[in-house]
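Next up: the structures, one after another.
Each of the next two complexes has subunit A plus one other chain: subunit B in the first, subunit C in the second.
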Partner chain A sequence: MSVFSELRRLAEAPHNDYLAAAARAGRPVVGAFCTYVPEELVHAAGAVPYRMRAVGSSGTALGDTYFSSANCSFVRRVMDQGLRGAFDFLAGIVFMNGCDHNRRLFDNWRHANPATGFSHMLFVPHAGSPACLAQYRLELDKLARVLRERLGVEVTDDRLRASIALYDRRRRLLRELAGLRRAPEPPVTGTEFLALMLAVTAVPPEDAVELIERALEEARAGRAPAGTPKLRIFVTGSCLEELSHLELVESHGAVVVADAVCLGARTFDRDVGDAGDPMDALARRYLARVSCPRMMDDVKGRMAYTIDAVRAYAADAVILEKLEFCSMMSGENYIAGHELAKAGIPSLALTRELYGGEVGQLKTRIQAFYEKVGNRS
Partner chain B sequence: MIYAGVDVGSLTAKAVLLRDGRVAAWHVEPVSATPGESARRVLEAALEKAQARRDDLTRVCATGYGRHEMTFADLERSEISCHGLGTFTSNPVVRSVIDIGGQDCKVVVLDDAGLVDDFAMNDKCAAGTGRTLELLARTLGVSLGELGPRALRARRALPVSNKCSIFMELDVMQWMHQGRRAEDIARGITASVARRVAALAGKVTLRPGVCISGGVSKNAAVVRELELALGVRFVPLAHDPQIMGALGAACFARLEHERAREHDRRVLRASDPVSSVDAAATPDCAGCTGGAP
Partner chain C sequence: MLVQDGFRQIGDVPASDDGLREPMELKPFEIIENVVAGAKLGTKVLDKGPAAWALLRAVQPLLFHREHRLNRAARFGYQKVGSGRWTPGELAAYRQDCIATVSFFQRVLDARDGREPLVWLGWPVPVEVASGFDDVAPFVPEAFMAIANMVGTDGHVACLEAVEREGIADDICAMDRVSLGAYLLKQIPEPAAIISVAHPCDAGRTASQLMEYLTGAPAYTINTAYTKEDDDVMAYSKNLFEAIAFLEDTLHRKYNWDKFRRGVRVLDEQNRYLDEITIMNQAVPSAGLAFNLQTAWGSKITGSGNPALLESARLTHKVGRFRLRHPGIRRRVEKFRIIVADMPIVFSEMYMWIERTFGGVVVGDYIGDAIFPPIDMSSLETMMMGVARDRLYMGMIKQAHGAARETVDDLERQIAHFSPDCVIQNGHQGCKHNRALGRIVRDVCRRHDLPLLVMEADIFDKRVMSETDVKRELTAFFREQGFAS
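And then the complex of A and B:
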C-alpha cells in the first residue's frame, strides 16, 4: 500500500494506532494549539506532542453553547469535539494566545473542564524584537516548569538537545519533500501534502520521521499523481485542515505546489540548530521562522516570503484563505491582495467556514478565478 | 454548425442555440428536481424552436450551479465567465456586468475580448438576490412580476434593512402592520436590494459600459435604484438579459470548437512530411510557378 494512503487514513481521524502504542508504552500525549508552541519542549518532557485539530467534527452544537456564531468555526468545532470526548486521550493541552478566539477557547475549556488533563496558556509576544524574544524565553521556561510538575519529567539541556535534533530532522525531511513540488510534474499534490502534515503532527516524531522518509522514497521514485498541472497554485492562510477543501482548490487541473499555512511551511521553515543554549535557540527559531499574521511587526517579511516562494515554485496564482470572522487574516489578505497585484501575481481571497459546505459557491469562484488566470496566459 | 449553451441556475434553466454566429433559439423554464433533467428539457425545447436535432449540435457548454450534472455537455465554464462573454456578445461595448440571479449576485469586469478580468461575488447571504425578492413579494402579498411596477408607483421608499433576508422580512411586516402603502414598501425592498448589490460592486473597479443581467434585471425598480446607487446608466443588451449565461456558454462552445480545429490544423501541418508537399499543386503561391528550386 502506498504510504500516501496510510497518511490519508491518519489525517482523517483525531486518534490513531501510533498514539495508542505510545500510550501503551507509558508516553503521555499533550495537545498543542499553534505552531508557536515548541513541540521539542513537550517531547523533551517525555510526552508526544499532538497538533490540535477539528478532524472528525460533525458539527458545533455543543461548541455553540460556549461560543457565539461570530466566533471562528475552528474554535467552535474543536470545543465541540473536546466536549464530546474526542480528545480524552490527552494528558494536557498547551493553549496559545494566537487570537482572541483562541484565548476564549482556553477560558471556555477550563470552565467546561473536559477530561483532557491540564490546560496551560503559553503567552507568545506579538513581535520579534529583542524584548519580545526575552519574554518568549521566559514563557518557555514557565512551560518547562509546568510540564515538569504535570508529567514529572525535568526538561534538561541534554533531553532538549535530543528533541531538537529529532525535530530538526523532521523539518529537513519535510522541506526536502516540499522542495520536490518545484518539479513541472509535482510528485505530491497539495491535498496529499496536507494529509501528510496532519498525519505527522498526530504521531510520535520518531514515527513521523519514518513516514516522511517513506513518502520521500515514493516521491523520488517518479510518481506524478496529477501529471502536468494546468495551473500551479500557492496557498496562504492560517487554519487549513480540510482535505476536501484542498481537493476543491485542486479541481479543474490545478495543483497546490507550495503554501504559507500553519500545517505547512510554518511548521518546517528553519531549523533550531545545535549551537548554544538549547532553550535560547528554541526561542530564536520560533520567533524567526516564517511568521503568522498574529505577529504585528513582520507584514513585509510575510509578503516577501510569499512572493519569493511563488517565483521559486513557479506558481501561477495565489489563493488567500481565511475562516469567517478571522480578523487577522482579513487584514492580512487585504494587504496581500494589493502587494501581489503590484508584483503581477493574480490572487483570489476565499472565506469559508471550517468543514462548512458552501461547495457550490466556492467551486464557482475557484473555477472563475482559474479561467481568469488562464485568459491571461 | 450549431453551438449550445445550457445554464441551470437555482431558479431557472436556460438554453441558447447559436447558428452562424446568431441566436437561433432560446428557452427558459423553472428548474425541476434534478439539474441534469432540467438541462435536457430546456435544451430539447430550444432545439424544437430551432427545428434542429441533438445530432445537429457541434458542441454543448454547460454553466450555472447545475453545470457538473450535465453529463452530455462537451465542456463547462463558470457562470461568471459565461455572463461576461454573453453580455459582451450581446453588446460589444459592455465591460462590466452586474448579474443578479436567483441565489447569488456577481459583478464581473471584462477585458476587450469579453473575458473575465476581475469579479466579485456575494457570500453565502442571499440578501441581494432574486430569492429575497421572491420571499419579500410573497410577504407583501404581490406576485414577483408585480413588485417592480408597484415600486415604481411609490411616493417614497420606506426603510428596509439590507443585512439579512429575514431582517428585511421583519421590516416589511412591520410596515404592513402599520398600514403603510404597499407601493412604498415595495420601493423600500427594491432600494434595499440595490444598495446591497452596489456595495458588492464597490469591491471591484467598474469599467465604463456597465450592463445588468440575470432574472432580477427584469425588475425595472431594482434596475432604476441600482443605476442611482452606482451613478451609471446601464447599456442595453440585444437579447433577453436572463439568457446571458447560456449565451456566453454557447459562445464558449464555439470558441472551444474553433480552438480545437486550429490545434488540429497545426498538428496536421507539423506532421506533414516535407517530401509530400507538392509545390505545383499548392494554390495561392504568389509569384511561384512551381519550378522554383
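And then the complex of A and C:
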C-alpha cells in the first residue's frame, strides 16, 4: 500500500494506532493548538505532542453553547469535539493566544472542563523585539515547569537537545519533500501534502520521521499523481485542515505546489540548531520562523516570503484562504492582495467555514479565477 | 415605534428617522475641526455656571430623544455634557475635559500644518510614550471613533463605508474600521511614526498592521502583558522604554523625563479621585456618576497627565461627595440599578435615557469602572511600571486582555460591590473575544440570580442595530423583568 494512502487514513481521524501504541507504552499525549507551541518542549517532557484539529467533527451544536455565531468555525468545531469526548485520550492541552477565538477557547475549555487533563495557556508575544524574545523565553520556562508538575518529567538540557535534534530532522525531511514540488510534474499534490502534515503532527515524532522518509522514497521514485498541472497554485492562510477543500482547489487541473499555512511551511521553516542554550535557541527559532498575521511587526517579511516562494515554485497564482470571522486574515489578505498585484501575481481571496460545505459557490469562484489566470498566460 | 395593545406606555420609543441615512461627504479634517470648535464653545459656555445649566435644560426637548436632520450636528455635543441632566457641578467638571480636548486636538491640527511631527499611538498605548517629548504631537487614531459623532452618527457610517469601498472585510471591529476610514477620508493627519500595541484584541492588531501598511510610517510594536502579575507588567514596561528609544531614534528628538515624571504624578492623583468616584457609585442610592467616569476614560486615553483632567476628577469627586451627603436627591431618581458591559458607544446618551425614562441607574460598567493601583514614584522604572499597570486596569483593556477571568472576576466584583438588579451585556459584532464569553457570563449571572440582557448591537455601526432598536430592546427587557410597567 502506498504510504500516501496510509497518511490519508491517519489524517482523517482524530485518533490513530500510533497514539494508542504510545499510550500502551506509558507515553502521555499532549495537545497543542498552534505552531508557536514548541513541540520539542512537550516531547522532552516525555509526551507525544498532538496538533489539535477538528477532523471528524460532525457539527457545532455543543460548541455553539459556548461560542457565538461571530466566532470562527474552527474553535466551535474543536469545542464541540472536546465536549463529545473526542480528545479524552489527551493528558493535557497547551493553548496559545494565537487569536481571540483561540484565547477564549482556553477559557471555555476550562469552564466546561472536559476530560482532557490539564490546560495551560502559553502566552506568545506578538512581535520579535529583544524585549519580546526575553518575554517568550520566560513563557517557555513556565511551560517547562507546568509539564514537570503535570507529567513528572524534568525537561533537562540533554533531553531538550535530543528532542530538538529529532524535530529538526523532521523539519529537514519535510522541507526536502516540499522542495520536490518545484518539479514541473510535482510528485505530491497539495491535498496529499496536507494529509501528510495532519498525519505527522498526530503521531509520535519518531514514527513521523519514518513516515516522511517513506513518502520521500515514493516521491523520488517518479510518481506524478496529477501529471503536468495546468496551473500551479500557492496557498496562504491560517487554519486549513480540510482535505476536501484542497481537493476542490486542485480540481480543474490545478495543483497546489507550496503554501504559507499553519499545517505547512510555518511548521517546518528553519531549524532550531544545536548551538548554545537549547531553550534560548528554541525561543529564537519560534519567534523568527515564517510568521502569521498575529505577529505584528513582520508584514513585510511575510509578503516577501510569499512572493519569493511563488517565484521559487513557479506558481501561477495565489489563493488567499480565510475562515469566516478571522479579523487577522482579513487585514492580511487585503495587504497580500495589493502586494501580489504589484508583483504581477494574480490572487483570489476565499472566505469559508471550516468543513462548511459551500462547495458549489467555492467551485464557481475557483473555476472562474482559473479561467481568468489561464486566459492571461 | 413600540406599540403595545394600541397604547403608548412609559418607555415607548418614539418614531425615528434614523433608518433614513444619507451619504455623508466629509471635508478633510472636518470632524477634528468641529471637535476643536465644539470644545472651545463648551469651555466658554460651561463657564457660565447655573446659566449654562438652565440653557441645557431648556434645549432638552430639541436634542434628547432622537437624532434627526436638524439636530444631528449638535446632539453629540449635547450628549457629552449630560443631555441636560447634569448638575452645574458636573458641567464645571466637564469644562476641564473640554480644555484638555482643545489642547490635544488643536495640537494635532498644528502638526498637520507641519509645526511638529505627529506620532500615532494605538489607543491602549500609554500616551506618555509620546507626550513626554516637548516637540512631538501625540495622536490616537481610535480616539477618532469617540468624536466622529460630531457630525451625527452618520459620521461613523461614512468612515465605515470608506473602508468597505476599499475592500477591507467587515468582520474587523467597527471601532478600528472607523479609524481606518478616517484615514482614508483624510480626517486624520499623516504620522511621522506609529507605536502599535498588541492588545486587547485581534481587530486592534489587524488595524495597526493595516495602518502601518497604508501610511508606510516607521513603526514599533509594544507587546503587552497577558496577566497583571509583576513579571508580565515588568516585561510590558520594558517595551515602553524600547518604544521611547525608537521614537528618539526615528524623530531625532530627546525625550523629556522630567515632563514624564510630572505627568505621572498628575495621573496618580487623578486616579485616586477616579477610584473614589467609582466607589461612590456603590452606595445605595449611588452617586450616579457612571457616565462621568466613562467620559473620564475617554479623556484619559488622549490626555493622561493633563492637569485639567485632574481638576475634572476633583470637581466630579466633589459632586459625588455632595450626593452621598444628601442621598435623598438620588433616591428620587434611582428605581433600579444596572451593570453594563460595553454599551454601544455610538449612542452615547443611553445611560441618561435609561435614567430619565425608567429610573434605571447604571452603577457600574466596563468602561467607566476606574479602580487603579497607586503608582510607585521612587524611580523611572517603577513609574513606567505604574503607567503600564494603569493601562492594564483601564476599562475595556482590563476585561479584554488576557484570560476570561479578567472579565469574570471584574463582573463578580461589580456584582458583589454595586448591588445591581440586572446586567446588560452588548456583544459587539466585531468583538470576538467578548462574543465568546456569552456562556461564562450567563453562568455568572445565573449564579447570582441576576437577569441578563445580551444585545447584539455594534459598538460604532448603527447599521447593525439602530438607536430605536436598541431602545426597543432595552424597553422590552425592563418591562419583562418588572422594572417598568
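Note that the second predicted complex is superposed on the first by the 377 of 377 C-alpha atoms of A that agree within 3 Å, B and C clash if a C-alpha of one lies under 4 Å from a C-alpha of the other, contacts with A are read in each partner's own complex, and residues count from 1 in each chain.
In the analysis below, a residue touches a chain if its C-beta (ideal position, glycine included) is under 8 Å from a C-beta of that chain, and two chains touch if they have at least 3 such contacts.
Remember, it's a predicted structure, so these values are computed and weren't measured experimentally.
Touch counts on subunit A: comparing subunit C and subunit B, the chain ahead is C. Of the two partner chains placed by superposition, only subunit B is touched by A:Glu358; subunit C is not. Contacts of A:Cys99 after superposition: subunit C is touched, whereas subunit B is not reached.
By the document's definition of touching, neither partner reaches A:Gly179: not subunit B, not subunit C. With both structures placed on the common chain, the touch criterion links A:Gln367 to subunit B but leaves subunit C unconnected. Residues common to the contacts of subunit A with subunit B and with subunit C across the two structures: 351.
Every residue of subunit A that touches subunit C in the complex is listed here, in rising order: 65-68, 70-72, 75, 97, 99-101, 103-108, 111, 121, 123, 125-127, 129-132, 134-135, 138, 293-294, 296-297, 299, 322, 324-328, 330-335, 337, 351.
Against subunit B, in their complex, subunit A makes its touches with residues 351, 358, 360-361, 363-365, 367-368, 371-372, 375.
For subunit B in complex with subunit A, the touching residues are 65, 68, 77-81, 104, 111, 113, 115-119, 121, 123-124. Of all the residues in subunit C, the ones that touch subunit A in their complex are 166-169, 171-173, 196, 198, 201-203, 205-210, 212-213, 219-223, 226-227, 231-232, 235, 238-239, 242, 403-405, 427, 429-430, 432-433, 435-440, 443.
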